[in-house]
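Given below, in the form of structure tokens, are the structures.
The same chain A turns up in both complexes below, where it pairs with chain B and then with chain C.
Take a look at the complex of A and B:
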């Protein structure tokens, strides 16, 4: 499961919906994996304003990954300044692509900060099925 | 032939052998991918987007979302997608194929576990009719549909869209599904391809107001070719003077009538309405 997805997933339990602590879910005993993919500048620009940056920083810290800049990069930070030529992805864009789209959780758990419920991740697939009484 | 929905719950029906068909049957693959292309053209996404696929199964639609080729005038991605499905067998097939999207084992009838405004768009192919079955005696189709559409509505960004192709059992089910969507706040329209034939396909086209829209959430659907708008709530401030006061007998009667109208298909479509016509050489 990509760290991008983790920046949007919340606890599925109804009574957690209104609690700010139900996002982000916190990785527990996570095994990470890297799956390389082509960098997509247009997508990165599209998604940037929707990221919860400080929560992304929290998660990367919890996973022991290299620290991210404290402030959100802007759309302009995604390209090298080179007038007249085709757009070239900046180092910032490459780093962001690496963290969000290539780094993922392969095995482990995701824990809600509000209710403590743990969602298992197996082969990268998160199990969000709830027992009836928690729906 | 009996409908699979009437025989077993989806996680049992889509077992290993049923799931296998999605990689071995070229007929199934062709039908599902044609419908995905149709849904994508209705979503009309201008640039690479974040998309939710509900009932993603083996990731057939996802493979198209991850692709870059233009198709019949609809620009390609690659889009980034997340799929949710209730069947672990189906998801195993997706894993084997090493699809690019992320996968969640989840029941759409329990809700959509993403924060508000996550997705640009959502797609669902041949899945949401399953929500009309309650899996346990403690649950009802109405509450499953409500949890799904409320969750979907919240998880889409303002101005976002969703297209759900589904197989309604009958008119009543069509109405039940579309009125649940309207109740959740969506602007909704129904589109029918090859209507009246055994290949008929029903698409529920949903829009979220806000963003570039002018406040009328049904505005976008209304402007779309061949989509019949599902009339939902009255626009705010539309009540004229002299109209029945809230709670009065006249008000209740009207309300009842309104409720009945909710989710109703306004007019029927003819065959092929809304299809792009192309010149044949």
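Take a look at the complex of A and C:
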């Protein structure tokens, strides 16, 4: 499960939605995997305003990954200017691509900070079904 | 005609096989009238406030084989006129999640699309999706008026047991029932999903596509959606097959028109 996916997920329990603590879900005992993919510079630049940056920093810290910049990078930070050449991805862009799209949770748990419920990730697939859904 | 993604790797004994309803979604989403609407709504340059410049998130609930989400991801440039579309899916059937994930990834690779395929997660409708993050929502629901399956069996039936390498006939029957049985009027699951739509759609540009069959009483469904508030719209934007003068299947587009 890609870390960028976590930017769009929250606790599935209805009463948790109104609580800020239900986002982000906190990784627990996670085994990570790296699946390499092509870097899409336009995408990285455009996605910045959609990222919940401080929550993303929390997740990477909890996973023991290298620290992200404290504040969200700008579109210009994504590009390394080279005179007369095509735009080249900066190190910041490469790092962000690595974290958001190449780093995934293979096995482990995702815990709601509000109710404490732990959702399991098995073989990269997150299970957000609740016993209550199934009655 | 845009190419239909391959689902040859999917085991259709336990995952819904693409059918007329799936193809109606593909045809509708790629029809000039719909791509025109979507391109305008998601054109990064059309709004001065640039709220449109961020990549649209497409969520499909109940992905099944993944053919619809894969089609959107692979053809995002034709449909949205953008190179940065994000896709996310959910399904209650964990076998479908794995199969669909492969369908989407293969389609993106083969089409050399620039779409970013996020995960297919195992969940109930969109209950795990962060509120107001979805730009395009797609749902091909279990719409057949038939008794809902016995969910008490879900935990046992949704995964392979340790000793077995394959699913049983009962297990497969249950998993397929999940994909088509919609309870009273075929609307029990759809009504739950419609209840979530205003909470998951993004405020300014969110749009939903929901498939209905004639027995779902589509005119009533659309009227009820318009009662959500004066800004809400619900219109039929695609249909197939006639049944006693009525469209057998139709796609309803649901969106809000915020006055600017």
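Keep in mind that, in the parts below, the second predicted complex is superposed on the first by the 130 of 135 C-alpha atoms of A that agree within 3 Å, B and C clash if a C-alpha of one lies under 4 Å from a C-alpha of the other, contacts with A are read in each partner's own complex, and residues count from 1 in each chain.
What we mean here is this: contacts are C-beta pairs under 8 Å (C-beta built on N, C-alpha and C of every residue); 3 or more make two chains touch, one makes a residue touch a chain.
Just so we're clear, the structure is a prediction, and the values are computed from it rather than from any experiment.
> Taking chain A as the common reference for superposition, should the pair chain B and chain C be classed as clashing or as fitting?
Once both complexes are aligned on chain A, chain B and chain C clash.
> Using the superposition on chain A described above, determine whether A:126 touches chain B (first), chain C (second), both, or neither.
After superposition on chain A, A:126 lies in contact with both partners, chain B and chain C.
> Which partner does A:67 contact after superposing on A: first (chain B), second (chain C), both, neither?
In the superposition, A:67 touches no partner, neither chain B nor chain C.
> Examine A:40 and indicate which partner it touches, taking first as chain B and second as chain C; both and neither are also allowed.
Touch partners of A:40: chain B and chain C.
> Same chain A residues contacting chain B and chain C, which ones?
1-2, 4-5, 8-12, 14, 23, 40, 42-43, 46-47, 50, 101, 123-130, 135
> Enumerate the contact residues on chain C facing chain A in the complex.
Residues of chain C touching chain A: 44, 53-55, 57, 83-84, 86, 88, 90, 92, 94, 97-98, 101, 114, 116, 118-124, 127-131, 133, 151-152, 154-155, 158, 199.
> If you look only at chain B, which of its residues touch chain A in the complex?
Against chain A, the touching part of chain B is residues 47-50, 78-80, 82, 84, 86, 91, 95, 100, 102-107, 110-111, 113-115, 117-118, 120, 136, 138-139, 147, 157.
> Which bits of chain A are touching chain B when the two form their complex?
1-2, 4-5, 8-12, 14, 23, 37-38, 40, 42-43, 46-47, 50, 52, 101, 104, 123-130, 132, 135
> For a test of understanding, state which residues of chain A touch chain C in their complex under the given definition.
Contact set of chain A toward chain C: 1-2, 4-5, 7-12, 14, 17, 23, 40, 42-43, 46-47, 49-50, 101, 119, 123-130, 133-135.
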